[in-house]
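In order of appearance the chains are A, B, C and D, and numbering begins at 1 in each one.
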Amino acid sequence: MTVRLTDKPIDYHLVTESVRTPRAGAVVLFLGTVREFTDDQQTTALDYDAYPEMAITKMEELVAEAGEKWPILNAVIEHRVGHLELGEVCVAVAVSSPHRKEAFHAGQFLIDELKVRVPIWKKENWIDGQSEWVHPGEEESVRSNTPSS
Amino acid sequence: MTVRLTDKPIDYHLVTESVRTPRAGAVVLFLGTVREFTDDQQTTALDYDAYPEMAITKMEELVAEAGEKWPILNAVIEHRVGHLELGEVCVAVAVSSPHRKEAFHAGQFLIDELKVRVPIWKKENWIDGQSEWVHPGEEESVRSNTPSS
Amino acid sequence: MTDPELTMNLTVKLFARARDLAGTSHADVTLSNQQTVEEMLSQLVIHYPQLASIRESLLVAVNNEYVPSETVIPANAEVACFPPVSGG
Amino acid sequence: MTDPELTMNLTVKLFARARDLAGTSHADVTLSNQQTVEEMLSQLVIHYPQLASIRESLLVAVNNEYVPSETVIPANAEVACFPPVSGG
């Protein structure tokens, strides 16, 4: 079980290889990638900010919880921080298990919970030059002209 | 949407790359891998047989059905045939979609349905030298001494 | 002897354990016209009695589609017969 | 003036929009001993009024754990304050 933050492009092939084992019959990999369109808003890039120590602690908690819920053999989470261009991988979650059902369940659990528990934030950079932090549940979206870092 | 049978090792990195697009926010990859233990029986290798024309037809049906059920952007299935050693990838299913939920649903649908509809069969080669076709639902398991091809 | 006009020679593709038991990947059966999948299976088991043990679980495909036992086999169809699948 | 024995200087880590609004990643607040997260947030907003607009949605972590507003902040704790997360 390994979790990692990185400011370099994620090598998801390496992430996937690292969970493979002859004891596994199933491997599930989830990739979050930088999407160009959200409804009709066009993104040009994302910036991810993280609270590194707590993000690592929370991701470690998640893989431990997944291991208690399902008989998984290995799980790895790697999350990118910094500036990402369209199409780049922002997160890779890989899980191996003897049978496929628990690999799917654990993979979905890990990414679902990561999105609510792990202190990482994304800022959308829109095509009109504006940028905006994404903070789910905030009443109003506060658009700002802060240039992306 | 592409489906493929191959007697060469599956390059799942290539399969995954082929579904990626900046329109996607999510990619799900499923790998079936040759598992060493099934309960307490130890496998040394698998042999896959297929009815190629029909397998392709059925896999094409599956990706078309997935595309009707969920707003997926791309889906690729590649299945190995022939002799596979422990740990090797027997099938890779990759799906991309704008959001993660449908990528997980479509990926699970494709592998679940592949396993009941697509005419491919596996023969387990056990450590005791015996080999056995896996035919789910057959009343009795018929063990034979046919050497693996 | 049946009228040759009313019979067809059919080669049934066999796979996996069905092929191993029959000892061939292409089983030849002779059917009358308008015979069903069920009747084809009966002919198959007469010619290849080794298949009797798995007959109940055999699936039949005509032109790459699964068909139920009452389906009439059309002329020039590609017919295949195999045990439950186990890919993936 | 409070008794210096009974106050602590706390540096609160800020992230994402909270950091941008406050203009700093490390906000200094002075708390009395035994004050709660809620009271810390009040001090924070007094020092950084730009945070008032997002105060209701701010999350607080003490030593890498989320804590509710009634939690008393222990001495020498690492405290962080940030809006709802959006990783992945």
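In this text, a contact is a pair of C-beta atoms (placed from the backbone, for glycine too) under 8 Å apart; a residue touches a chain by one contact, two chains touch by 3 or more.
This one's a predicted model, so the numbers in the text were calculated from it and none came from an experiment.
Chemist: Taking each chain's centre as the mean of its CA atoms, which one is farthest from the centre of subunit B?
Modeler: Relative to subunit B, the chain with the farthest C-alpha centre is D.
Chemist: Where the CA atoms of subunit B average out and where those of subunit C average out, how many Å apart are those spots?
Modeler: Distance between chain centres: 26 Å.
Chemist: Using Cα averages as centroids, what's the distance between subunit A and subunit B in whole Å?
Modeler: Each chain reduced to its C-alpha mean, subunit A and subunit B end up 26 Å apart.
Chemist: Distance between subunit A and subunit C based on Cα centroids, please, to the nearest Å.
Modeler: 51
Chemist: Any chance you could list the residues of subunit D touching two or more other chains?
Modeler: Subunit D, residues with two or more chain partners: not present.
Chemist: Of all residues in subunit A, which are in touch with two or more distinct other chains?
Modeler: 32, 111
Chemist: By the document's touch rule, what are all the touching chain pairs in this structure?
Modeler: Result for touching pairs of chains: A-B, A-D, B-C.
Chemist: If we count contacts the way the header does, which residues on subunit A are in touch with subunit D in the complex?
Modeler: Against subunit D, the touching part of subunit A is residues 32, 48-51, 53-55, 57-58, 79, 90-91, 111, 114-123, 133-139, 142, 144, 146.
Chemist: For the complex, give me every residue of subunit A touching subunit B.
Modeler: Going by the criterion above, the answer is residues 12-13, 16, 20-37, 86-87, 96, 98, 100, 103-104, 107-108, 111.
Chemist: Once bound in the complex, which stretches of subunit C touch subunit B?
Modeler: So the residues of subunit C touching subunit B come out as 13, 15-17, 19-20, 53-54, 56-57, 61, 64, 78, 80, 82-88.
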